[in-house]
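The structure appears below as structure tokens.
Naming follows writing order (A, B, C, D and E), and every chain is counted from residue 1.
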Amino acid sequence: MVGVANVSRIEQQSTVHGTEELVINMGPQHPSTHGVLRVILKLDGETVNDLDCDIGYLHRGTEKIGENITYTMFIPYTDRLDYIAAPSNNLAWVTAVEKFFDWEIPMRAQYIRSMVGELSRIASHLLWLATHALDIGAMTVFLWCFREREMVLDLFETAFGGRLTVNAFRLGGLHEDVPDKFLQLTQEFIDIFPSRIDDYETLLTNNRIWLQRTRDVGIISAEDAMDLGLTGPIIRGSGVSWDLRRAKPYAAYPYLDFVVPVGENGDIYDRYLVRIEELRQSTRIIQQCLEQLPGGPVTCKTPRTIKPPEGEIYHSIENPKGEFGFYIVSDGTTTPYRVRIRPPSFINLGGLKKLCVGQLVADVVAIIGSIDIVLGECDR
Amino acid sequence: MELYFFYMFSGGMIITSLLMITRANVIHAALLLVLTFFFLAGIFVLAGAEFLAAVQILLYAGGIMVLYLFSIMLMNVEVAVRMRQWHRQGVVVFVAAVLLGLEIWAVLKGVEFPAAKQWEWSLGATPGNVEALGAVLYTKFLFPFEVASILLLAAMIGAIVLAKRTIER
Amino acid sequence: MPDEVVENSEETNGAPDSGETAEEVKTPPGEDLKEVVESAFPGAVLEQSAYEDHEDETTFVLGVDSLVAVATHLRDHGDSLFKLLTDLTAAHYPEAENPFEMLYHLYSIEHNRRLRLKVRIKEGQAVPTVSGIWTSADWMEREVYDLFGIEFEDHPDLRRILLPDNWGSHPMRKDYPLEGRGERIYTKPTRKEIGD
Amino acid sequence: MIPMTHFLILGAILFLIGAMGVLMRRNAIIILLSIELMLNAVNVTFVGFSRHLADMTGQVFAIFVITVAACEAAVGLAILIALNRDRTMVNVDEVNLLKW
Amino acid sequence: MDMALEIAVAAIKIFIVLNVVQLVVAYTIYVERKVIAHAQMRLGPMRVGWHGLLQPIADGLKLFLKEDIIPDKADRIVFVLAPVMVLVPAFVVYAVLPFSATFYITQINIGLFFILAISSLGVFGIVMAGWASNSKYSLLGALRSAAQMLSYEIFLGFSVIGPLMLAGSMNLQEIVHAQSDVWFVFYQPIAFIVFFIAAMAETNRAPFDLPEAETELVAGFHTEYSGMKFAFFFLAEYANMFVVSTVGIVLFFGGWEGPDFIPLPGFVWYVLKLSVFMFVFIWLRATLPRYRYDQLMRVGWKFMFPLVMLNIFLTGFLKYLFL
């Protein structure tokens, strides 16, 4: 979509100045804008003076669709939001709708939800690490991460039949119990995964060039992060120990033991460390889920047509990218009256300007990578 | 054989330099001047100054001219292409040039040069041009050499001060 | 390695999805927050509600005029500290007297609680921007402007964000046609407009 | 063996072309380029004499000329960049604020 | 008649070298793809021929048959000339490289200086390409590249002075002969490190591949190039890798000479050493992230420049004392 005014605003300013300022269009087809993001950069030499994001290339009106179909029918649409971590979106939607009711979700379903949620976190973080490292020029990490991400997607396939858009959960639990093979393969995966994380870290964590590229770049303080509404690993990287899995527990998280990693300086490197540690913690959580997994049914008794009582709720979960929530207004019919998706990528991307102005072009790429956006959810 | 090469190189130089001063596009002019310098390096080789030829390419073509191109890219030159290119004094310049040319020609015509001497070494052999040049440069011309280095330093500081946007005091 | 980690706290333990049980039916949750607001701005909270008395669903309905003052107060007051504007959106009720409802979801990391502010406005009525209070509101207000056509006073950069700049209508309104050519009220930009 | 006069005539022609460029063009960058050409015309003469007299002094001076050319290029271009930044112009006859 | 024979012999040598170099370059790309693939736990090219051995030929054919696009607003002449200006210097340098004691095209007494001079011209092609494409990414890439290559040329130039002082000649053959006892890398470790880093930067190889950093500037100066013109840039990059590797071998690792107790022909030694160099180049590319522009400049001017000056001073001092 053509953002006419977006371009002209910046270009007009640049012609007023006597000195030549370079306006470059990064995207929407650019290797490191992670999708169809278009960033209009105003450069002075290599320094970024001003920046404007043009988004909406992937706008599909998901909220509007949600207002015209039933609660169950909307689950597959949530897959298409953050398609990197689709089960997380399913989880947010089903837990949000379940908040209207007082159903007893069976514990087995809750544990599987947590487990799959963490697997999707691993999948998402692996894709982030892969592309982030590639943006900074470390191309080997890219393929190593994809090797493990492939294993996670295979797990999804075993459990739900789909790989990317899995449509994993149903209102009231799961559609079917997961096959035993899934549990067995998951155990095999988390047995080898920690050593693979060590491999990534060998290439990056103490690499001098990596440190020079990420340390003290794109710093955001805790106060600024809150002001900008940044959530997820970004705000944790700035030193705020806040994780919705801990603060507002859902699924099986109240019974699971995990550590919320926190950074110190709020630079790219801290965000990197936080996400790497989250990978390890996710592995731990999955291990606990496997050990504590109770038997029994995977779905509770739900009415044939889902008609929540009139009212409005907001429910959010800790998506890999940040706080992912749904605000739902029910008018007592089978379709929601208003569906609002609280998109972490959209709001985190809003902080890009603050992070980038004054930095170099090469840093913009690194910063976009460290924010970890996915445009499907940003544009909805 | 030598003479043919000389004519080739000098013809090339004259053509490219004439093209150079007539181009509207500065980048084209700069690139043509680079070509001129290649021919000049060839002439230096013919004159037995192969070290100088390499210096010509390394410093002039590879250094100074890249600096030119670099600066031209930093400036806004597209505007200048569309503007008037010449001072309105072409006739005066041409007359002056012809007069100067005739004068130089007349002087050269009257001069009888003594017979050429031979180098003490043959072309391309070692030790040769480089050693001889070094020996002269670092003994007889040591003082001018050091002065040149100070000149370079001064020019460097001057260039930085002039081109720097803001100078923190 | 991150320098600081927080051990698993047992305080927040609670059965998932249980929410608050219907013991305190009489007093809806969020009374303390109401006091925080009322102490500085008496009568600012026009309505108070919460879905099935969920603590997190506390909702205050405010007047348009008091919005910015109350929001600033809620952000800065020690008992509320709503430093995070989680979400900002709107809803359209075409039949109502005030058809548009602005929704502000606030979150306080310090107190781990949520609050929803509501402002009801008429068609064409402008809302004061809260982007001066939470910078994150900048883009979200642009989105509301884009999809609902609600104007924001003093917004630093009120442009469309998701749809093309010359999109003719506001698709999240309930009267937006779901079929037909309605959604193509959109003129192709001329070359001149693009600046080519 | 190349006759001495050849070098001298070549040097003279190049110098003339350079001088014409300096006098006739408005574009400051091309004027700088023409100056480079003139300096090189001198180099041709130096090297010619060095060849003819089998004496290294000519080549040494050619090296000094290149040094001076480098300085001239650096300072000249810096001035041009400063001018261009201040007010977008590259033509020498526009720089006339000091002209009475 | 002698002269005609000489010219004919030289022409044949040039023909051989040019063709062999092109073939070897094509296969270096294959080797690079294979090595990086294995570093990344995958197979690399496998389809064309046995283990993808015919892949370079297929690639070459593909590039040859591709549509050659010249952007509408590009400066056509400069745009077409730029790849030539990159490729020609890269190949001209081969004229003085000694491949073995007997196999070389020519030897001149300013051999090393000639290499430096000619390879400094490569930057022209890049600047021309960046400017002529009339694209902002290309221009930024070209500016970066010009600054980078100009600075690193200086360190490259200064780093070879140490070995030069030891050998007392700029003739590459004589430099090799001077190392018949001990390789200069043992006398000149600092110079070698600086040389190697500068060589990586000169050839725009990772971690210094900023001019063509695909994730920032799409592809830098050759963003707008396609088909054979793109292939020219590609060929030139690898040809330059061979040149700097060969210069490194000649200056620091005794050229074609190996230890006496292993009787191998000179050319084999040369190829062995070259392979090691190339492998290190590829290995680094698979391992390291990319430097940022300002960091690159800082490393160069604040770290390598003083180091190499110190090296020259020390070499001169020690040579004065002991020789």
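Assume a residue touches a chain if its C-beta (ideal position, glycine included) is under 8 Å from a C-beta of that chain, and two chains touch if they have at least 3 such contacts.
Just so it is clear, the model here is predicted, and its values are computed rather than measured.
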(message) Treat subunit C as absent and tell me which of the other chains still form joined groups.
(response) one piece
(request) With contacts defined as at the top, give the pair, B-D or A-C, that has more of them. (result) B-D
(request) Would you mind pulling out the distance in Å between where the CA atoms of subunit B average out and where those of subunit D do? (result) 7
(message) What's the distance between the Cα centroids of subunit A and subunit B, rounded to whole Å?
(response) 61
(request) Mind checking the centre-to-centre distance between subunit B and subunit C? Centres are C-alpha means, answer in whole Å. (result) 70
(request) Averaged over CA atoms, how far is the centre of subunit A from the centre of subunit C? Could you give it in whole Å? (result) 22
(request) Among the residues of subunit A, pick out those that touch two or more other chains and give their numbers. (result) none
(request) Check each residue of subunit D and list the ones that touch at least two other chains. (result) 85, 88
(request) Give me the residues of subunit E that touch two or more other chains. (result) none
(request) Note which residues of subunit B are touching subunit E in the complex, please. (result) 25, 27-28, 31, 34, 50-51, 54-55, 57-58, 61-63, 65-67, 69-70, 73-74, 124-130
(message) Which stretch or stretches of subunit A touch subunit C in the complex?
(response) 1-9, 11, 55-56, 59, 61, 63-64, 68, 95, 98-100, 102-103, 105, 110, 223, 226-231, 239-242, 246-254, 257-264, 270, 273-274, 277, 311-314, 316, 323, 325, 327, 329, 337-338, 340, 342, 346-347, 349-351, 354, 379-380
(message) Considering only the defined contacts, which subunit E positions touch subunit B in the complex?
(response) 75, 77-78, 108-110, 113-114, 116-118, 120-121, 123-124, 127-128, 130-131, 139, 142-143, 146-147, 150, 153, 169-171, 174
(message) Considering only the defined contacts, which subunit B positions touch subunit D in the complex?
(response) 2-3, 6, 10, 13-14, 17-18, 20-21, 23, 26, 29-30, 33, 36-37, 40, 43-44, 46-49, 51-52, 55-56, 59-60, 63-64, 67-68, 71-72, 74-77, 79-80, 83-87, 89-90, 93-94, 96-97, 100-101, 104-105, 108, 113, 116-120, 132-133, 135-137, 140-141, 144, 148, 151-152, 154-156, 158-163, 165
(request) Spell out the part of subunit D that touches subunit B in their complex, as residue ranges. (result) 1-2, 4-10, 12-14, 16-21, 23-27, 29-30, 32-34, 36-37, 40, 43-44, 47-48, 50-54, 56-57, 59-60, 62-64, 66-75, 77-82, 84-85, 88, 90-91, 93
